[in-house]
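You will see chain A twice below: alongside chain B first, and alongside chain C after that.
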Partner chain A sequence: MAAANAHAVSDAEYAEVSGHRLLGFLFFLISDCVIFGNFIFSYLYLRNAAPLWPPVGIERPYLYLAAVNSIVLFGSGATMHYAMEGMRHDRRSQFIGYTLATIVLGSMFLGGQAYEYTHLLPHTTWAGTTFGASFYTLTGLHGFHVFIGVIFLIVVLLQTLRGTYTQERHFGLTAATLYWHFVDVIWVALFFLFYIY
Partner chain B sequence: MSVTHVELPASSHIHPPPDTFIKKYVFSLDHKVIAIQYFITAGLFLVFAGLLAELMRVQLMGPNNHVLSVAVFNQAYSLHGTAMVWLVGIPIVTGAFGNLIMPVQIGARDVAFPWLNMLSFWMLPVAGILVFASLLFGAPQAGWTEYPPVSLQLPLGESLSLWCAGVFVIGVSSTITGLNFLVTIVKMRAPGMTYTRMPLFVWATGVTAFLSMIATANLSAALAGLFIQHNFGVPFYDVTRGGAPVLWQHVFWFYSHPAVYILILPAFGIVSEVIPTFVRRPIFGYKAIAYSSAAIGLLSFMVWAHHMFTSGLQHWEQLFFMLLTMVIAVPTGIKIFSWVTTLWRGKIRLDSPLLFVLGFLSTFTLGGITGVMLASVPADAQEHASYFVVAHIHYVLFGGTIFGIFAGLYYWWPKMTGRMLDERLGKWHFWLMYIFFNLTFLPMHWAGLMGMPRRVATYDPMFAGTNLFVSISSFVLAASILIFIYNAYRSARYGEPAGPNPWGARTLEWMIPSPMPYYNFRDVPIVLSGPYDYGKPLPYANISQDLAMTPVR
Partner chain C sequence: MLESIPTELRIIAFIGAVIVAVVALVALRGEWPKTRLEDHVTKIMMVLLTVGCIEVMLVAIGTIGRVK
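On to the complex of A and B.
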């Protein structure tokens, strides 16, 4: 495999460098987690300090759309998983198909969120109340992560089509997958905190 | 040699030597060059921030001076604190010393991600420009902590946004550096360099890197919150719309308490390197020092609200944070105990690095003691926001961090430049700095206990004598740094060549030529035991003094 791609680096070297990158990427995800943690703490703090929650005149966010959207996002986690399985067994078409599906599902999630922001919460604004502040900041930050994830996936898909990654050498794909699952997990917390709790 | 069968890391080659001036000195990837860039840039900010301090001291020479208006005085202490913490202290102890020494001490040829390292460095000048540019719009006036509602109230224009942006940038830089150093320490140690064979400076840098990564990410989020509150009215901290100013204090101190350990742990590391070298005996309690760094790192996330005892906490919260804060004095005490035991009855060589370490030990211990006093809730109710706090922060930040930085500079200068500093000038620098540091900041304890509030441009005439005395001392204190600058200049022109190991130390950086060659090590060194066993043969194999520029795999 390696010889076919005529890489300048040896297999051992590639393994070692991607080991460094993987650890670095995990550390990045941990610090990203802290950023969400900060705003979640702020949300719980403000909620705890408020006499009434959500504040008067503010609607609770609409559970059903969010539930559908959650299913879409978790589905995208599954398609991402199958895509990587494809790469691990050198089944390129499986990888490409499932990655495309993940991109589509991720975009659907973003569409759902955009609809929610524009149609379902007429009285909740970002600057209006502490509820709006925490809701839009956290879900917006998450949506931004999904957006970045979609871009990330498009980029690695194009790279795959150009032959950048192989069965053995695909650190970029590993990173994209990790990122995607991370964004999924954050959504679990946000879904619970805003739509159920 | 019989040890040639050890597996060498495959990626022990690094980026090739740069061929252009820009690649060599401006956008350098070499950790040693980046370290020097940090020293120079942060040194410049030290001069700015120091001048702001002296301006304040001029104003405070009399109880009712009109040198600075109240507004400008507020801006001066806000930017002085901001710059000293984020643009001077943290970049020097992590970016500069961490980069200069840590990779070499673990036997690596560079950090894990040289490109990110360069990026981290270049964020420092950007952050500095953003922070100091806020002066043009009337800088923030709520101190380095920028507590709402005050920070949101004044006619601020763009200045708070600039402040947030600047600190955000340096925060991201610090997070990236932490991540980079941590991967380096976990992944790139030379064969045989187990965790308990790492030099104590590496331990300190590792824990600091962890704190930078976690706590500083939180700072970025907090600053983003303040930024959107200020610019878009998103009511996180605005009490009139359900927000909570105390929330800012929580998120700010959840970063800023660990930050004080980011500022002091590397100085602890420097002390742990200097003492065994100048006493020529194994450090007492290697593991105690190493693990207490880790303990401090973890505990530092659980004490943040000791800065908020007067902000209306619940009683149980006050009790919790008071007790945990006092607990954190224990691992710190363990370190002091180990250092003093190493010094005890040793053959002490009183060269300038050790002098600064002794200065560190005495002043930092005093700062630690006033810290425990401030941690006591009833005492803090009296001392909070008084000059007692100003005295405390300067005993730990100046007496701790800055003395540690100078100890490290005198110690590693020969390694960094290849030339010795003048010992006599070093002693002058130390004694002037040590004496006038204490004359400047010691009297502030009494002023504070007698009731002089901090952050005031004018004060009760009963404090006039003390303040005049403090101001005059502070001028000499600042001037003492000039001796160091002259010493550095003199060393560059006339300093004697240092040779690889002028102090007879045993950590890896002293096993290679000074200044360190581009690839640090020609062959990847092999480590056979810990670094402080004075009196035994050196614990390294595969070391060569050869300056050959081609690294051997």
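On to the complex of A and C.
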């Protein structure tokens, strides 16, 4: 049914509508960047206003687990790229394999983040300090985006298995790929801010 | 528990970062001739992904990052 609906328009119409959708989706990603940007600048303001950072009694987040977790997420960006390449070249098995790998890596990242929250930061709470509030708000917001991304990928994978997308018509997959890359790139900034800077 | 095995985590992070950086650069090279809007966005994302990998490599070899 979905496949039938997808082909109810001509290729030219689909291409034109895809262009508009892509622009709309990029505006959505830019607006999401603004949200993260607001929180990041709030964090930087609070950090610069504090005499000591992190505040006394608050430990820094554990660096090396975050480094491994970052590579898991960055690796998922690479697998997502090759999944999309598979669809562009009509290699469905490549698309399915790499998309599954991306879903697994994204879930591993969320698991690593949950482990960090529960085991490695016993004295840092959301409500306790400005550091904790900033850390949990930003990394939590990012984790929520990763969670939504995993759901997004599961949905497009199921749609692909049902035949909704083809080599020529796959805007949903393009959007999912761009969203996943966006989530990766935001983490580059957050990793630097909370674990390195 | 993880705090007692920093060396192993650093090695994993470094090797992973090198692999992902190489894959991202190969992907960037493949994307380079393409000219659609989403291709240009993908190029930017791949460059930033490589920057992230370099960040992790520097952390793994101890050049940047504070443990405590």
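Observations on the model:
Rule of thumb we're sticking to: the second predicted complex is superposed on the first by the 191 of 197 C-alpha atoms of A that agree within 3 Å, B and C clash if a C-alpha of one lies under 4 Å from a C-alpha of the other, contacts with A are read in each partner's own complex, and residues count from 1 in each chain.
Methods note: a contact is a pair of C-beta atoms (placed from the backbone, for glycine too) under 8 Å apart; a residue touches a chain by one contact, two chains touch by 3 or more.
The model shown is predicted, which means the values in this text are computed figures rather than measured ones.
After overlaying the two complexes on the shared chain, residue contacts for A:L63 are found with chain C alone; chain B is out of touch. Contacts of A:H81 after superposition: chain C is touched, whereas chain B is not reached.
Residue contacts after overlaying the shared chain place A:T137 against chain B, while chain C stays out of touching range.
Within the superposed three-chain model, A:H89 lies out of touch with both chain B and chain C [touch as defined at top]. When the shared chain is aligned, chain B comes close enough to touch A:S42, but chain C does not. Contacts of A:L178 after superposition on the shared chain: chain C is touched, whereas chain B is not. Common to the chain B and chain C interfaces on chain A are residues 19, 23. On chain B, the positions that touch chain A within their shared complex are 9-11, 112-113, 175, 178-180, 182-183, 186-188, 213-214, 216-218, 220-222, 225, 228, 232-236, 241-244, 247, 250-251, 254. If you check the complex, the residues on chain A that touch chain C are 19, 22-23, 26, 59-60, 62-65, 67-68, 70-72, 74-75, 77-78, 81-82, 85, 119-120, 174, 177-178, 181-182, 184-185, 187-188, 191-192, 195-196. Note for the complex: chain A touches chain B at residues 10, 12-13, 15-17, 19-20, 23-24, 27-28, 30-32, 34-35, 37-39, 41-42, 45-46, 49-50, 55, 126-130, 133-134, 136-137. Residues of chain C that touch chain A in their complex: 1-3, 6, 9-10, 12-13, 16-17, 19-20, 23-24, 27, 30, 37-38, 41-42, 45-46, 48-49, 51-53, 55-56, 59-60, 64-68.
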